[in-house]
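To keep things simple, chains are lettered A, B, C and D as they appear, and every chain counts its residues starting from 1.
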Amino acid sequence: MRVAVVGATGYTGAELVRLLLDHPHVELAFLSSERSAGKPVDRVLSSVRNHPAAAGLKLRPLAELSDVDMAFGCLPGGELPGRMPLLAERAKHVVNLAGDFRLTDPVAAARHYPGSASWTEPFSYHVPEFGEPGERFLNLPGCMAVTSIYALYPLLAEGLVEPDPVVDAKTGSSGSGRTSTEHPADRFGNFRAHKPHGHRHGPEVAQALRSLTGVDVDLQFSTHSLDVARGILVTAYSRLRSGVSEVDVKRAYVKAYRRTPFVRVRNHGLPALKTVVGSNVAEVAPQVQGDRCVTIAALDNLVKGAAGQAVQTLNQVFGLPEHTGLPFTAVAP
Amino acid sequence: MRVAVVGATGYTGAELVRLLLDHPHVELAFLSSERSAGKPVDRVLSSVRNHPAAAGLKLRPLAELSDVDMAFGCLPGGELPGRMPLLAERAKHVVNLAGDFRLTDPVAAARHYPGSASWTEPFSYHVPEFGEPGERFLNLPGCMAVTSIYALYPLLAEGLVEPDPVVDAKTGSSGSGRTSTEHPADRFGNFRAHKPHGHRHGPEVAQALRSLTGVDVDLQFSTHSLDVARGILVTAYSRLRSGVSEVDVKRAYVKAYRRTPFVRVRNHGLPALKTVVGSNVAEVAPQVQGDRCVTIAALDNLVKGAAGQAVQTLNQVFGLPEHTGLPFTAVAP
Amino acid sequence: MRVAVVGATGYTGAELVRLLLDHPHVELAFLSSERSAGKPVDRVLSSVRNHPAAAGLKLRPLAELSDVDMAFGCLPGGELPGRMPLLAERAKHVVNLAGDFRLTDPVAAARHYPGSASWTEPFSYHVPEFGEPGERFLNLPGCMAVTSIYALYPLLAEGLVEPDPVVDAKTGSSGSGRTSTEHPADRFGNFRAHKPHGHRHGPEVAQALRSLTGVDVDLQFSTHSLDVARGILVTAYSRLRSGVSEVDVKRAYVKAYRRTPFVRVRNHGLPALKTVVGSNVAEVAPQVQGDRCVTIAALDNLVKGAAGQAVQTLNQVFGLPEHTGLPFTAVAP
Amino acid sequence: MRVAVVGATGYTGAELVRLLLDHPHVELAFLSSERSAGKPVDRVLSSVRNHPAAAGLKLRPLAELSDVDMAFGCLPGGELPGRMPLLAERAKHVVNLAGDFRLTDPVAAARHYPGSASWTEPFSYHVPEFGEPGERFLNLPGCMAVTSIYALYPLLAEGLVEPDPVVDAKTGSSGSGRTSTEHPADRFGNFRAHKPHGHRHGPEVAQALRSLTGVDVDLQFSTHSLDVARGILVTAYSRLRSGVSEVDVKRAYVKAYRRTPFVRVRNHGLPALKTVVGSNVAEVAPQVQGDRCVTIAALDNLVKGAAGQAVQTLNQVFGLPEHTGLPFTAVAP
């Protein structure tokens, strides 16, 4: 099937190109970049510069987009909405990896994703593990948001915890996108709080959990910055309701993720960046003591948190086995 | 004054030697190591191998300990108690940097610090910012514990929050001591949960806060491992009591740390490892939104969390200005 | 085809398991480990613990080895020779990734690889790009050695340079194997000379270049240690012979690597770890100024420098397309 | 004495402020920054934000410069020459840490340091270990250059080697200055060749060695980029002249650095970043085998390679003990 990557030179776009080059049923029909238009993709994206299938592919301005089966939106936030008329005309399906259409509350959307209001046809929020991708326009979750959702969903779906969890998220530097301006010497060896309050993934998590479980969550969501390129690890703290046991908790996670090849409940070995980076797997593990539940969840923000879940969605939309072209192993050590 | 470092080749002992070499009023009279006995210290400790004052200093077996004004215990946990009879005979003051005598509850002490019961004369738990070092035998706090205490003390002392905080601690690899066996390739680029429950610094924090504030804290204390050599950052989550405002919170921190040169409340710029590593400063910053308070605290585990607070204690005991020989600046970037 | 990994829990063995799990024509028939015998492989090797195909595979003592088409030796140096009688009986082909049979000079072999003399049937030294794997017993090159060979071969094969090059090699920490005892805090942020003289890969490079080009090389080979988990970068310095031009040099590299899918001459963008880590590609680039030629070469020591070249060899032996099951892209950023 | 730091917010300026805050005989009389003029220095420079002596210091536009005993130039290359008329009027001594006046050959100077010709009064090139700072205007060496000079000087001064050495330099990210635009995710885990040929420190090394030893050096100088914040390690390769022994080499280094407190010849333990970062020490070690000499040298580019050697120069100019206010120990691990 013919696929377009709109915004192929950012981190998520580049990662999508990297994965799709090895997908057995995909033709990379169109790769857009305004800044690098005309250049061969293997001259611009260093991660794929030695792949034989990348030879000959050129980056082109979006205006030249031809008819495709699926277009992936990998533009910086705010840039896709204005281009949707073109995409809607040329692409049978549009899957947006940026955040433009994640928030349904128009006030929150306007605050966190300015410009999203310029396109009004509905996008459906799609987490590959929670529902079929029925709509034509899909928006994928944010990387820290989806990690948090994986961590908390089973607890809330089964009504096991008080609805006021704390999520302490830690993320690598590629999560901020290629336009970040932090100097490598300042990032090196550092670890710092990024947003103790007010990160835009907070409302997204609350919205998704409410939509999936019916529970109105009073969420404390704080983010931190790691000096690694890839990876997110979330530690979610919640209080068990009276009478809830460790067995109930373990059972809820097993039930929720029994049939999800890419969300795996760890019983042996806690989630860690090194066991997920490079793979499309999210690891989740609840740890109970007394009435406290600490859930650890980890994934590679560029794979399972972005490009990998996009490929997973493509597989779902076109009826392919869900893992087609997706890695199960971590590049470790 | 004449000083002994007992266990001079571990990470905390080495750091103490490093700091004391530049202390204007200290003579490094005795440096013990059983394994490296007889070797020059500048052959064994690479951090000081270019310091002219290290030339000629030799490591010696503890049995040769001569009379000193202060002996610092830097042995692995469990090793000091059996040697206390000798130290009590030769040293006017003993300051232990290991954990042997931190916990007053004998059951907890026996569980977390086996061997501590073999010495029965009392050690006093001493945080330099909270009280005078009146006793002859002092035990300093653990590095993650003291960071957490700095973060939570003002909130509990003023009764501003519910007494059930969550502490999410992240620490570098030197915190585990020189005998850790993790391979550098496994640590590299990793971030992982270490102990979601049951870390021995948890009871220490609860004990210290109860002792300092009178509040019985129901603490959730979880630890994580960073791929950095030095540094601890703690994120503490608490709920404001009804009627408490952000101004109350800010005021409590200013009050608590008005006269502490080495615990600094940040109003501009969040605490980070890069602004404390190499210095003896602990940074603390509370961030309030609604009824949620998130307090960030950071310090260098080998300096302010260990060897630096030991020097600070020495200064206090001998009536020197508290900052004598201690760095205020961070080695950054 | 049925394959055995002998020593499946070291870094190279684990990486081989990781790659072979996704190889379309390989059955992982036998995975040996003495220490972890009886344990499921996905409990011991964290990089593959989420791969569905790893479920059910058990580690077993080597004595239980059954008949296989190919056995890969991934034991620590010195351990394979004594086990060769068993392997020769059960495996149609044996490919050794350790160094036991690399050096043909018996004095050098005995010095650098003690124990190798206990097996006397010949092993053939096999670099996948330089010749067919005709023999039954093959020994693959060392990771720093093969990087250096790729860098220097075209210059010497065409007689373009004086035969006294300098090779300055830099390598990550996984290259030292899982039994290294350096503390992560000591490795972190460090860069250091490892062996300015006398590294055992030096004689291997000289031997291979003599064998491939007929030139007796007077090689200066020095190694350094990087704080990264994966990757080798080699900078090779040589002097052009009189009358040799930059064009001659470029032409020699193109000629040497015209048909090697996994050794790629870079004309745009210098080789770097980030463009090879995770892939089976070695990048090579000569840079000429005046009569000085500086050749940069880089590869992932665990993939192209070990497990990947082993899979490449398997593909060659069994007549599969050389790239079957091997990654062309780098996991970057 | 009253001191000005001109360009106090770049990496070298900030490091100079950090060191001078603890210098017992210096008053930080003037700190310039055009972009941050008016702001308190402890709001802008995070490394000193907890130093009591930084409180109250303000950044000011250079035009307000008052009379000082010494002004340090820490501006980006090309910016000092145009400001020299003002500095010459207000400062008794000017010490430039940037590269403007390093090269005496006007063609090379114009090529590598555009703008330097606009000031014509002579600057003297000053390496603290090689000569008295006699002139009023001094230019300090580049960080990679001075490391290479330390490595090669004894060999050339004593005529022990052929004059065509190879220098393979590796440097951390702070060396490129605060205006570098590499993304931290791209730097992370990477190691790459930076300039195999043509780096501007190459001609500087050749010029300095010629000036110090009278030998015309045909130098191969190549640079590489490490993912660390601080530190330079240089590996210098040379060929011993006929009849020269290892003892001759060792003797030459001892002779050259007998009286240099901050350049130390290592006989035990090779130079490494971790043993110099944070200190003002350069470590040097020659390793001889046959007729090959490999010299390793390492230093902290911001301390001994920039701000530390500036303080050392200040001490020399004003007749203070050379080590006043300068650290001998490394912040390790």
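Everything that follows uses one rule, which is that a residue touches a chain if its C-beta (ideal position, glycine included) is under 8 Å from a C-beta of that chain, and two chains touch if they have at least 3 such contacts.
Model, not experiment: these values are computed from the prediction.
Peer 1: Which chains are shared contacts of chain B and chain C?
Peer 2: Intersection of chain B and chain C contact lists gives A, D.
Peer 1: Which of the two pairs, A-D or A-B, is linked by more C-beta contacts?
Peer 2: Between A-D and A-B, the larger count of C-beta pairs in contact belongs to A-B.
Peer 1: Which chain's centre, taken as the mean of its Cα atoms, is farthest from the centre of chain D?
Peer 2: Chain A.
Peer 1: Between chain A and chain C, what is the gap in Å from one C-alpha centre to the other?
Peer 2: It comes to 35 Å between the two C-alpha centres.
Peer 1: Centroid of chain A to centroid of chain D, CA atoms only: how many Å?
Peer 2: Going by mean C-alpha positions, chain A sits 45 Å from chain D.
Peer 1: Just how far, in Å, is the C-alpha centre of chain B from the one of chain A?
Peer 2: 39
Peer 1: Give the residues of chain B touching no fewer than two other chains, as numbers and ranges.
Peer 2: 11, 174, 183, 185-186, 188-189, 227-230, 272, 274, 277, 332-333
Peer 1: Residues of chain A touching chain C in their complex?
Peer 2: Residues in contact with chain C: 11, 18, 21-22, 43, 46-53, 174, 188-189, 229-230, 261, 264, 266, 268-269, 272, 274-279, 281, 283, 327-333.
Peer 1: Would you pull the chain C residues touching chain B in the complex into a rising list?
Peer 2: Touch list, chain C to chain B: 11, 172-174, 178, 180-189, 227-230.
Peer 1: State the interface residues of chain B toward chain A in the complex, per the touch definition above.
Peer 2: 166, 168, 170, 183, 185-186, 188-193, 196-198, 220, 222, 224, 226-231, 233, 235, 237, 270-274, 277, 287, 289, 292, 294, 296, 332-333
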